[in-house]
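We just call them A, B, C and D in the order they show up, numbering each chain from 1.
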Amino acid sequence: MSSDPPGPTVKMFFREAIARALREEMERDERVIILGQDVGHYGGSYKEFSGLYERFGAARVRDTPVAEAAMIGVAVGAAAAGMRPLVSITYMDFLMLGLDPLVNYAAKARYKTGGQLRAPVVVKTTAGARGQGVAHSQCIEAWMMGVPGLKVVAPSTPADAYGLLKSALREEGPVLFVDHKRLFPLAGEVAVDEHCVPFGQALIRRRGDHVTIATHSGMCRVADAAAELLAASGISCEIVDLRSLAPLDVTTIAASAARTGALLTLEEGQVTCGVGAEVQSRVREGLAILRTARVGAAAAPVSSSPVLEAACLPDAGRVAAAVRRLLS
Amino acid sequence: MTTRIADSLALLRAMLLIRAFESALMRHSGHGFQLLSSGQEAVAVGLCAALTKHDQLLSSGRSIAPALARGLEPGMVMAELLGKSPGPCGGRGGRGHLAWPSQGFFGAHAVVGGNLTIAAGVALAMQLRGQPGMVACMFGDGACGSGALHETLNIAALWQLPLLLVCDNNGYSVSTPQAQALAPQPLATLASPFGIPAATVDGMDVLAVRDAAIELAEHARAGKGPAFLECLSVRFATHSTATRETRPAEEVAAGKVRCPIGQHAMRLEGEGCLDRQTRVQLEHEADAAAASALRFADSAPYPDPRELLLNVV
Amino acid sequence: MSSDPPGPTVKMFFREAIARALREEMERDERVIILGQDVGHYGGSYKEFSGLYERFGAARVRDTPVAEAAMIGVAVGAAAAGMRPLVSITYMDFLMLGLDPLVNYAAKARYKTGGQLRAPVVVKTTAGARGQGVAHSQCIEAWMMGVPGLKVVAPSTPADAYGLLKSALREEGPVLFVDHKRLFPLAGEVAVDEHCVPFGQALIRRRGDHVTIATHSGMCRVADAAAELLAASGISCEIVDLRSLAPLDVTTIAASAARTGALLTLEEGQVTCGVGAEVQSRVREGLAILRTARVGAAAAPVSSSPVLEAACLPDAGRVAAAVRRLLS
Amino acid sequence: MTTRIADSLALLRAMLLIRAFESALMRHSGHGFQLLSSGQEAVAVGLCAALTKHDQLLSSGRSIAPALARGLEPGMVMAELLGKSPGPCGGRGGRGHLAWPSQGFFGAHAVVGGNLTIAAGVALAMQLRGQPGMVACMFGDGACGSGALHETLNIAALWQLPLLLVCDNNGYSVSTPQAQALAPQPLATLASPFGIPAATVDGMDVLAVRDAAIELAEHARAGKGPAFLECLSVRFATHSTATRETRPAEEVAAGKVRCPIGQHAMRLEGEGCLDRQTRVQLEHEADAAAASALRFADSAPYPDPRELLLNVV
């Protein structure tokens, strides 16, 4: 098994890719267990745990109470004691309820014990808006990018969901694995052969010459739609899918930005102290002169009202307009 | 007609309205994502019969029954659920955050357990300002696993807050049965270490809910501190309109036999306070009110996207 | 009463300035109450609530259990119902335990109710390291800067602690008020006359020509010490004390940076997705060509071991070295 | 000497070591910020007498007594407290995060209530791996107000985790007396809604603690699920070395009369198992061990600041 580009592929849904990664890793390593609300018989809100309960039983696929602090705390404690739990926090908004064990314990466990303990826990959570309103739509992955000891990944395709989750489950420390409500129903090609996608490697999803769009997760599709719009008027976009937010692959982004001379960062969350602010700051450390722009949600909560949700979030039109402004 | 009969009929009317309202809502293709209260009407209606205009009610994201039982105008509620502009929150809150504080509905909050500490704070404000009311906070069995309940019980007991905690226990958190998520049985025992009076009642029986709620609300209003009421109910639909059913079909069917509306109507009929014809008429009235609410909301505008940044800071 | 520059001043400790602001606002507005651990008879960990319990009694100065989620939630609920609570979260690390009511309820209350409710709550918390180790030293104000509906201020002097706290207690929505362990024992001049310091205004603490150092809270002193070091070798630093992190006074920072041509941001927290990343991104929006550098904590937890704590945090020497690198 | 007497003397020795250790630590000018266990030795020592090498112990930031009672080498503990390199955590953890898992001390955690869910996780790992041990988790009365306790009690009861929750109740959280922060009385009643066996014992009596701990630990080890032990103790010093005293002087003085070391020694003397001379000798031994620990730690190096980024990820 390697992390080389895969051979034959098979089409699967994003949710199936997650279930596959878990199934393989649970077969491979009996320390891998799952904790979460309705992850058992029900198979998860997006069926992303489908079949695992039937295969591995109630001891390893554990339905929990609605108690995010304990869910993460118990998973972290089990990790520190030798297991490799994945804990599912249904929506990223509820991660706030469990940040204490994640940030104050798990992320510091190895350091504060001088290397005696490690906490290989994967906190899987679903970000983004899809009609569920102000407390079920937030993207706060940027908060976690600066926590020493914590890694953060956010796939945008079934292949990466599969490969990054497998890597996450083999990490020696805590990982925040961020998926997205709008990605679950999507299908994509995934290698037939078992493989991992390493952390810390961004991927160029689309080649282009005039501007680099650095983005991740659900916004990769919006970037692509914007690139299509812009292509019609002769503007060629390069899209870098960050995939791994911590560690961040500055080299790939910077190389692309150096080539195109313009960098637009795109995220679904707030731009303030967001992923884009970090990406731009890092890229600037090596590239002094560069046109940049940030695109993210408007500075408002995301309402469940369909018109307001749509108005709040970046869409292809707004991204294309931002690119035009940047290049003008 | 005696007051007793009038009150009993009002309870029936209130439950019928909720049922009809939800049926109407389900006929609307653009309803998005909803959490229905059908089957659980007696809990909200019985509780609200114990509330006065000085009181405030908070609910979980399963907000339709609480809002309507509290007497909010159905058209405006429907508009809010559909994200339309004339909703009390201007469509911004939706079902998860429906609120109309001036009408005694402080609001729904879609974070499970997230309304508990807030409700305690509202009760603290009332206590400090010497206001006559109390605060009722509805939450599901699922919320009983959350630490917020413990912290709220403790602070409310210490500070003798005028707070009635109402657990609308439908036996499930999404797909997870109570016994798999919660060790305490009944859930009302959670109140006992804190010296908080508690009761568990049949949440399918609107009179049982009302009577217990009146007693415990009075306790809270009298400055004797918080109280805890657990109501055992049955959710007729799936967890949400986007959720798969996991309960055995027989279980759901058996639950439906205990329909709080049917039971209450039968009781009234048995007591000679309701005849077939009146019942049909009441159902028609509820349907008509629901249909009119839907018409109103359907023809109402969505918020103007240019007002996206209104009321943020 | 105005927010004009004050007339006669009196020397007081940072902690006294906080107590004074609270005393005045509690006299003025009976809706102001205090909730916190050991804020009553004890007067707070840093005596910053000293005398208030004696003056206003147990109903308005309320000792709470160790229950940060409920402390913030209760304060927020009371605020939404018409009170103006200040809730004290002893150390910023524990803010994580109460982010749900702060971010998911308070910051969204006004928006989600269409303006029916507001939650004028002040969450006061103490950031920074001073020998207490990995879970008592963190600076996570950057997480909060991007939360729509929330304001964030972080004074560095007794005068600003006083004036900003008074403003905070008169705000119509939630405010995070960040003070710092190392600031409490410091004294400074505070106007004798009652006054507020408005939000959204940075202050130039030191005039200089070669580089702008934008910083806040405890790091203002480090910046000043660095400026002294650099002055000796002819490098003149301008220090901008941000004071208000959300809203951010980009105008003042940008004007300074435009004049000096170099912008170094300095914070005690992590630089990744930090305050500095945001400051730089915002300043860049108007100033295309600019030398920039970020300084913050090393990417490690802050140990209670004195040598490691010192090694982890920015000090005058490191800041001076970063300025020299930036200008070279 | 019978085993019983030997055991009893071992308990005395262990308590004396803690007391002497803390005195030595206080003589060191660079001790920084410490939370002392003096007065509360019997809780840690009695509990640890019930633990085997298969068990794990977690504590709050008040970690000195738990660590020494668990048998950790005093010099290494002292080094850790002073932030020195030979500490088991390389000086990184300090008193708030002192840990030596291979010795059965999974570790301290300075977030109040923050060790509870972690301990449940450690217990889950043991259960899943079929290990023979159980997990004991010490926390203060203050932690009983936190939601983490509720969530932990519930999950531990549901999953029958091998977990002994030990509340070292010294009656105060910093300056706040128990009655002002916690409605339940005694705190052990918090376990009852979850069906978790609980006991409240005199935490100044090392034998009472030990006997209760043995029984409840056995329950947990036998796969019967969690247990809860509340030990009523007295903190002799201020909350931390940086904290002002707020308790009435008479209260502190009265507490000191109940010194767990003095009481246990008197009992042993009364039973004829200890004479004056042996007692003095044991005290000398403890002082010598403490002095040697301090010497070791004092002369030990601080971590190399160039190793700042070691063990972060």
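Some points to look at:
Throughout what follows, contacts are C-beta pairs under 8 Å (C-beta built on N, C-alpha and C of every residue); 3 or more make two chains touch, one makes a residue touch a chain.
Bear in mind that the values here come from a model prediction, so they are computed numbers and not experimental data.
Common partners of chain A and chain B, by the touch rule above, are C, D. In whole angstrom, the spacing between the mean C-alpha positions of chain C and chain D is 36. Centroid to centroid, with C-alpha atoms defining each point, chain A and chain D lie 41 Å apart.
Chain centres here are Cα averages; for chain B and chain D they lie 46 Å apart. With touch defined as above, residues shared between interfaces to two or more other chains in chain B number as follows: 91-93, 97, 109, 111, 114, 145-148, 151, 154, 158, 180-182, 312.
Of all residues in chain C, those that touch two or more other chains are 64-65, 67, 69-70, 93-94, 97, 100, 104-105, 108, 111-112, 133-135, 148-149, 299-301, 303. Under the stated contact rule, the graph of chain-to-chain touches is complete, every pair of chains being in contact. Across the interface of their complex, chain D is touched by residues 33, 59-60, 62, 64-65, 67, 69-70, 72-83, 85, 100-101, 104-105, 108, 110-117, 148-149, 151, 173 of chain A. Residues 69, 93-94, 96-97, 99-100, 103-105, 107-108, 111-112, 133-135, 140, 142-143, 145-149, 246, 269-278, 280-281, 284, 288-289, 291-292, 294, 299-301, 303 of chain A are the ones touching chain C in the complex. Residues 37-38, 40-42, 63-70, 93-94, 97, 131-136, 298-301, 303-308, 310-312 of chain A are the ones touching chain B in the complex. On chain B, the positions that touch chain D within their shared complex are 145-151, 153-154, 157-158, 180-184, 189-190, 192-195.
Taken together, the chain B residues at the contact with chain C in this complex read 56, 87-93, 97, 99-102, 106-107, 109, 111, 114, 116-126, 128-129, 147-148, 151-152, 154-155, 158-159, 310-313.
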